[in-house]
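After this come two complexes, each holding chain A, first together with chain B and then together with chain C.
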Partner chain A sequence: MKRDKKRINVRAYLYSLPMGIWVTLFFAIPIAIILIYSFLEKGLYGGVEWRASLAAYKAILNPNFLIVIWRTVYISVIATAICLLLSFPASYAMARSRHQTLFLFLIIIPFWTNSLIRVYAWINLLSTEGLINNVLIKLGIISEPIPMIYNLFSVILVLVYMYLPFAILPLFTAIDRFDFSLLDAARDLGCGRLRAIILVMFPAIRSGFFNALIFTLIPIFGAYTVPLLVGGMGSTMVGNIIVDQVQKTRNWPLASAFSVILTLISMIGVMAMLGSGKKKEEMNEKLL
Partner chain B sequence: MRKLLLPLAIILLLLSSCSKDEEKRTLHLYNWTYYMPESIVTAFEEEYGCDVVIDYFSSNEEMFAKLQAGGGKGYDIIFPSADYTSIMIKLDMLSLIDHEKIPNLRYIPSIVKDKATYDPEMEYSVPYFMGAAGIAVNKTLAPENYERSWMIFSDERMKGRMTLLDDMREVLGDALKTLGYSNNTSNEEELEEAARIVREEWKPNIVKFDAESFAKSFARGEFAVVHCYPENIVSELSEEQMANVDFFLPETGGSMYIDNMVILKDSEEKDLAHAFINFVHEPKNYAVFLDEFSFPPTTNTEAEKFMTTTPLFTSEDLENYEVLIDVDEDLEKYNRLWEPIRYTN
Partner chain C sequence: MEYKGEGAKGVAVEIRNITKSFGDFRALDDVSISIEKDEFFSLLGPSGCGKTTLLRIIAGFETPESGDITFDGNSILHLPPEKRECNMVFQNYALFPHLSARENIAFPLKLRKMNKDEIRRKVDHYIHLVELDGHEDKRPAQLSGGQRQRVAIARALVCEPSVLLLDEPLSALDAKLRQNLLVELDEIHDKVGITFIYVTHDQSEALSISDHIAVFNEGKVLQTGSPYEIYESPSTRFVASFIGDTNIFPCIVENSVYDNNLEEWLITVQIDELGSTVTVTDYDDIEIGRRLYFTIRPEKIRIVGGERKLGENSFSGFVDEPVYSGYQSKFFVKLDNCTFIKVLKGHTTYLDDGPEIEWKDRVSVSWRAVDGYLVKEEWSEKR
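What follows is the complex of A and B.
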């Protein structure tokens, strides 16, 4: 018995080795480099000087940057909330439909096209001279084009479009696994339809919901191309500043410090959500 | 570990075998994306019986970061702009240019050398092209009497239909030149005055700072006025569309660039590199490059004879233009003024 256990341990270690190497090489080490760089002095021509400094973190406190950080949080929260609100009915309908495969297929199809091309397609749709405005004007619904692009609206809209599938897929998987007869049981016991969904179904699909939240919130938080291409004057996000600091102003420590802040904020967010999720689960278990 | 060793060994074997077989000489270039017609490179390969391998970059910073990280080994010729050429000279990264080996240097006019204050004798760098960003106006969308100067961006009649380049040095530089100052100034009062123009007079009328996708929208008639490099719009607009476009460089002057060809100190094919630079400046070849982008023969006067296109601007237009050079520590002063312009409403 003992030998078997040992063998299993060795095997487990071997099996997890590739993943471990991968995570160390491409996740832990880069993050460590970013963290170290953020505490160094900037080099005159880019790069870093190996002298410890808090200059980068002091620079972030500059009000211009704080505005951008606040804007990034604001855009991310709204876009994620819309993604989740839209993904629940969609996943529910998919899970109950007879044409599941077809719907899954439809959701995956856009990924066959490069995301940049899809952003450019949105530019064509939303422009003042674009398809939507032209059609509305031809139909006589509006007389002047609506400004739909180069503002916060277009940034949030395109972000929702880009990341909605990442919310639908995990949520769909969770709902699909849910035993719908439980809903019938709840109703037999005198629970209303909506209450049944909220009280019985929601707790059961919580993990799918958190996955959806994480898969949308984190990438949106680090968005770069969408605010760059469809954003206007006041829609720069932290991702854009990071690129500017590396590519234009040659301030690598500041870019690193921004990355550290991004990582920290999203990590704290995720941990808090996971924590509250667990607590509720425990409470539910006690109740049961 | 053993499992890893075998593929590693195979890779190493493959790598060593390719360098052994290589008897053909190879020239390695590191150039801007879409900045040299392929036909010039192929013609050089045929004439010299060698291979030319080209890697591309899309910004000076990207190129320089790669060199600094040690990724520049093996490159022979690089095409940095003026500011980075001066940095590379300062950091002793470049090889001296042997003028004997490049007789075509005689076609480079003195105006280019005068403007190349960082290397006027072409000791370390040979100008590839000198040009400037200007203003393109879609005449069908703009009112008839628009101002042909940088102050066109103050014109409220085109509010929300104009873009400026997302480039701090270009935009602040143009405002500085409009005020009659140098676009490489380190004087804070001059900078503040220029930033005020951008912030209060230009910014309220422009829809965004854009260096990526504005040309497509300009082609579609979304934007009426764009701050751009001529090649941006030439590559995006058809000839009929170009007929409705007024591209001009404001007379008050503005920011100009010189892109250079430099040979790295570590280059192992210095002779071939010199031959290539000479080949590029052969007027017949150089004209192919100019025609491709509707550029004027600013940097090689002799090439004009072989050109088949009419350039979008002329060498004379550049008279009041000043080359953007590296401002070292003073870059921070520019940053501080640019951040509120760029990042806040």
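What follows is the complex of A and C.
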């Protein structure tokens, strides 16, 4: 018995080796480099001087930067919330539909086109001389074009568009696996329609929900192209600052410090939500 | 054909002219059943016969196109499932996987905002009733099939509904466990004393546990009655062959005379497959020339070795295939005109039975006129 267990352990290590190497090479080491760079002095023409310094973190405390961090947080929260709110009814309908394959196909189709091109398509739709404004003016519904682009609205709209599939797919998988006779059972035992969903379905699809949350929140938090292309002065996000610091200002420690902050905030956010999710479940059980 | 409840307690559930279709498929066709208070009533039929659909209509998960269902005289069709005074035991149990056995059973009580001590007392009572003591804190995934079944029953009973609906609750269990749980289910029914409506496709289950049975096929109720009535005097060919095993031959009525001793009609029918006439008793006079089916249960046929005339309805032939099953043997007897007839023989030997019957033996079979019966084809209106 004992020997068997040991052999299995060795084998498990062996099997996980490629994954381990991958994560170390492309995740752990780069993060470590960024972390170290953020505590160094900046070089004159980019790069770093190998002297320890907290200058980068002090620079972040500049109110202009703090505003951007705060804005990044709330854009991400709003866009993620909208994604999740839209994805639940959509996934529910898909799971209950007889045409699941068709719907899955429709959701995957956009991925066949480069995401940059899809963002440019949104520019054509939203801009002052874009399709929507033109049609509305031609129809006589409005006389002046509505400012729909280069603001918070366009950034959130396009972010939701880009990441909605990443919320729908895990949630759909979870709902599809859900045993719908449990809803019948809950109603039979005295729940109303909505209450049955909340008390019985939500706990069962929790993991799908958190997957959807993580798959949308983290990429949105680090978004760069969307605010760059459809955002304006008032909708810059941390991702844009990092690129500017690397390419234009050539302040690598500051860029690294921003990256560290970004990683920390998203990690803390996800941990907190997972934790509260667990607490919520316990509360549900008590309340119930 | 409709069974009229005549017990002292009166009718608990009245199902009147229920019709339900799914697209072109007619799942239930003008179904009417009266179910007495506190009885164990079974809806029996092959899969796809509409019995589960009827149960789901009673529970409120499906809406019929026409007809009405009343509990104690009050129509319930306008009520949502959560407001109906019945609870259901689902085929796959439908236990909430994120809750323990105890929490599953407490679920409906918590919804009703009952106080904690009361909930604990009631849940304990029902855990004990279904003999789940010691397993109450396990999750459904940690319980065996039989234990899950008990949780499902306790959860459905804990609100003390006036009617318990059971949708093939034993179908997922193995044969031995099924037998045990069936006995327990009967005991639980005696203890809680409410109406049980039990859906099953297993005729032996239905016969052994029910007070009354409604036999379904293709969305219609073919016959309603006690297990004895259903087995001993089936009304149609389908009921006769679905419940238990039987020999069925098409026949034509040749003669019908009233027998004063038996106080029944003695009917002679011509059976082409047997190349002979057979006498059979019936409560009613039957017009001569009618085409019906003659049926005789295998266990009602006497079989003896050798060529012996055993009185009325006697035939001889060879044992084509004996099937030994411990407490009895089943013989497929090839009669002299090449028709096969099934005969069951218990392993009890009588003095005049002659030697043990074996394969290829010459045998004589016979049955009494009172043991056979005539049944009609399914949908003809008149018998």
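We take it that the second predicted complex is superposed on the first by the 278 of 288 C-alpha atoms of A that agree within 3 Å, B and C clash if a C-alpha of one lies under 4 Å from a C-alpha of the other, contacts with A are read in each partner's own complex, and residues count from 1 in each chain.
Here is the rule we go by: a contact is a pair of C-beta atoms (placed from the backbone, for glycine too) under 8 Å apart; a residue touches a chain by one contact, two chains touch by 3 or more.
Worth saying up front: this structure is predicted, and the values here are computed from it rather than measured.
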Per the contact definition in the header, classify A:E144: touching chain B only (first), chain C only (second), both, or neither. neither
In the superposed arrangement, does chain B or chain C reach more residues of chain A? B
After lining up the shared chain so the two structures overlap, which partner does A:P203 touch, if you call chain B first and chain C second: first, second, both or neither? second
Looking at the overlay, what does A:D179 touch: chain B (first), chain C (second), both, or neither? second
Would you sort A:G190 into first (chain B), second (chain C), both or neither based on which partner it touches? second
In the complex, go through chain C and note every residue touching chain A. 59-61, 80-82, 87-88, 90, 92, 94-99, 103, 107-108, 110-112, 155-156, 159
Residue set of chain A touching chain B in the complex reads 44-47, 62, 64-65, 67-68, 120, 123-124, 127-130, 147, 150, 228-229, 231-234, 236, 241, 244, 246-251
Touching chain A in the complex, chain B uses residues 59, 61-62, 64-65, 68, 87, 91, 160-161, 167-168, 203, 206-209, 212-213, 216-217, 220-222, 328-329, 331, 335, 339-340, 342-345
Spell out the part of chain A that touches chain C in their complex, as residue ranges. 179, 181-182, 184-193, 195, 200, 203-204, 281, 285, 288
